[in-house]
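Next, two complexes with chain A in common: one pairs it with chain B, the other with chain C.
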Partner chain A sequence: MSAPGYFAAAHPFTPIAFSAATAGLALLLPGDGVLLLAVLTAIAVTAGGAARAIRHGVLLVLPLAFFLVLLHGVLGDASTAGVPILGTAIDPAGLRYAAVQGARLLTMILATLTAAYTTDPARLLDAVSGRPALWRVVSLLLVTRDTVRRFRDRAGEIVDAQRARGLRLRGSPWRKVRALRPLLFPLLLSALVDSETRAIGLESRGLLTMRQRTPLAPRLDRWHDRLVRYAALAAVLAALAWRIAR
Partner chain B sequence: MTLAFDDVSFRYPGAAAPALDHVSWQCEPGSITWLYHTPGAGASTALLLAAGIAPRRTGGTFHGTVQVPHSGEHAGALLLSPAATQLSGIAATVREEVAFTPAALGRPRAAILEAVDQALAAFGIESLAGRDPATLSGGETQRVLLAAAWALQAPLLLLDAPENALDQDGRDRLQALLRQEAARGAIVLIADTDPEVMAEVADHLVVLDQGRVVYDGAPDFFLAGDAPWTLGIGSTMVAELARAAQALAPDDPRFAAPSPWTIDGALARWGA
Partner chain C sequence: MTPSFYTGERRPSSAASHLFSLVPAAVAVNFVIGRLVAELGLPVYLDTVGTMLATVLGGVMTGVVAGLVSQLLAGLLSGYQWLAFAPIQLLIVLVTWWAVRAAGFRSGVRALGWGLLAGVLGGTMSAVISATLFGGVTATGVTAIVAVLRHAGVALDRAVLIASLTTDLLDKAVSFLLLALLLRALPRRTRFRFPSAIRAIGESLGP
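Then we have the complex of A and B:
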């Protein structure tokens, strides 16, 4: 089993700070800066042990990049300033604009995926134990994620139950539309009941208490973790100041 | 300090009839009180009232007094039915799930870890400690949430159908731990409809029917009589056997009332 990369091993605030700062810089920096930022982000993400974020990020951005190139590089002002290539006119300025916007999107997606892939929810919860208000925000996000999972499981159970009672889901579109009613009604009803009982269940477990929680596995906040976070904050502040002063 | 229900009435919002209708009873420290009930009699509601969740969370109209032994948040450990509704959904492992409430209350870390280890061992689920709670079976989930209630080491233990989905080993462990909790001076209040498990451990019985108390006293008098059958909730299998024997041979003195209702009682009566 390979060792976790830097981001996965770091204090949970570090990949989140990296992600937020990188997304902020992608919005604030000018064209050339964004292209450089995209390259640096890709290097940092790979070195930090989240290379799969690059694969998934590129796959996500590719369709968008295609349309950016099509709209700005080919269909833009190519008729007046275009360079003829393979029977069509390419607009270099439009192409550059498409590259910058694509890099902006790619950087933000890479940053978000890196935080998502390297942040362990349990460690993040432990890390915010000392901050009741923040703990509530993080825990409610995780409860929402769990609720979606429960809802999906419940939907599967209802589909199985209704099929066992003779409901046919295959066939004409009209048949499929008609099949929705016996599926949606019990699903919505059970969701309403479940949300009520879940609220009581979570209340009984102390989810909503405003006391300072005890972290079960306190995480060391190492000096280099703090350095990365302060550097991320400083970079965003500097970019913001430059943007305002310009 | 006792747990006392004094002339308590409670009606859920929009409900036609009250869930509890002028009920009173008292639970003493060191005792196990069993709420035996007909369906919809208000036993779960009584637990929510004792835990302070109703009417605060549920809404509804409340009259009377529920005196709890200790004030403050989570003075009592509560197990709901079905227990799975109490899974936090955010604990990554069973160990974290069991530690969830003590950690939420800010208990010292060393005390939490010790209590969690003891609770996992008590319910025989040490091997599940690293598992994701979302992947557990019904019986495993029941044990995990019972362990979570135990790990709180509260002076008040409120359990709704604790034997649900448990196998025989789980039931034996539950009975042993209920006795242990009572022995350390905790107040134990259990809503349950399984006389086979509860009759052996309860020393105080409160029977609820349609929101009213129809019996408050020692379990043996109620379980050996006709009332469980009149109410339609039944008694133990031994009591049912004795009742059948009595019907077959009404003049046989061996089957005369009061009937035995435990295996030990049957052996004492008919063993010779």
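Then we have the complex of A and C:
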């Protein structure tokens, strides 16, 4: 088994800070800066041990990039400055805009996926255990994520059960609309029952108490983790100051 | 916050308990219904039904938290850029709460009317965000309509507005109608746990 990359081994706040700062820079930097930032982010993500985020990120950005090129490069102001390519007038300024916007989206997606792939929920909960308010926010997000997974499975079971009772999911749009009720109502009703059960469970286990919790495996916040976080913050502040001064 | 009778420790109010119990279910409903509808191949999203349900049952704050958590989780799965659309979730919560106070789920026709209002407001806001921040490129279906309109010679801003309004009007009308049907179909015992749900369908708590 290979060793975890830097982000996965770092204090849980570090990949989150890196991710938030990168997304902030993608919003603040101008055109050429964004293109460079996209390249640097890809390098940092690979070096940090989250290379699979790049493949996933490229897959997510492809449809958006296609429409950016179509809307701004092909269907842009080609009538005034069009360059004929393969029988279509291409707008160079529109293409450039599409490239910058595509790089901006790719950078933000890479930043997000890096945090999502390298942040271990249990370690993150441990890291915020000394801050009751933050602990509640993080645990709400984690409980929600688990509930989404559970409901996804339940939705599959409901679809199978209704199909077994003769429900048809193919055919005319009207038939599909009519299929909504037998599919969605059991799901919505079970969501309400689930919320009631959870409320009892949470209260009886003291999940909502404002007492400070004891972490099971306290995480060391090493100097280089702190350095990465401060550098990320400084980069965003510098970009913000430059943007305001410009 | 209220002090515990036995330990003196500060305990969370029932509002916090409400948030922790309703919000995960509402967000899960947003995600799962969105996926089910996509599998059916219907031209709607229905990805705010959970947020609306949380608003009707738990009030504005529960709805706002459900909407924000929904948007945050969607962002974590596919990119922070979608967080820019969080204001639309807040807008839907406000319109839904307004509908609750006006017994807007009393009949299908009323729910449809409130849905159309939510569609107009949400579609307009979505178009502004999409055109300003993303150059008109967002969800594939909406952007395909924008591309067709652009090909027909419609200006980009106008094309984005028309596409967003078309999809949002249909989506929110169906969402509100579905919610009205659900609230009426709720077992009485469940319905009576949520006074605002009773108000939403125009009934009273009395015998």
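Convention: the second predicted complex is superposed on the first by the 209 of 246 C-alpha atoms of A that agree within 3 Å, B and C clash if a C-alpha of one lies under 4 Å from a C-alpha of the other, contacts with A are read in each partner's own complex, and residues count from 1 in each chain.
Going forward, a contact is a pair of C-beta atoms (placed from the backbone, for glycine too) under 8 Å apart; a residue touches a chain by one contact, two chains touch by 3 or more.
If you're wondering where the values come from, they're calculated on a predicted model, not measured in any experiment.
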>> Looking at A:147 after the superposition, I want to know if it touches chain B, chain C, both of them or none. Which is it: first, second, both, neither?
In response: both
Notebook entry, point to check: Counting only touches as set out at the top, which of chain B and chain C does A:120 meet: first, second, both, neither?
Noted result: first
| task | Mind working out whether A:198 is in touch with chain B, chain C, both or neither, as first, second, both or neither? | result | both
* Tell me which partner A:214 touches in the superposition: chain B (first), chain C (second), both or neither. => first
Examine A:43 and indicate which partner it touches, taking first as chain B and second as chain C; both and neither are also allowed.
-> neither
Of chain B and chain C, the partner touching more residues of chain A is C
> Touch check for A:241: first (chain B), second (chain C), both, or neither?
Replying inline: neither
On chain A, the footprints of chain B and chain C overlap at residues 143, 145-147, 150, 194, 198-199, 202-203, 207, 209, 211
Residue set of chain B touching chain A in the complex reads 48, 51, 53, 57-58, 73-74, 78, 80, 85-93, 96, 99-109, 112-113, 134, 148
The residues of chain A that touch chain C in their complex are 19, 23, 60, 63-64, 67-68, 70-72, 75, 97-98, 101, 105, 108-109, 111-113, 115-116, 136, 140-141, 143-148, 150-152, 154-155, 159, 169, 173, 176-177, 179-181, 183-185, 187-189, 191-192, 194-196, 198-199, 202-203, 207-211
Seen from chain A, its contact residues with chain B in the complex are 120-122, 125, 129, 139, 142-143, 145-147, 149-150, 194, 197-207, 209, 211-216, 218
The chain C residues in contact with chain A across the complex are 1, 9-12, 16-29, 31-33, 35-37, 39-42, 49-50, 53, 57, 65, 69, 72-73, 75-81, 134-137, 140, 143-144, 146-147, 150-151, 156, 178, 181-182, 185-186, 190, 193
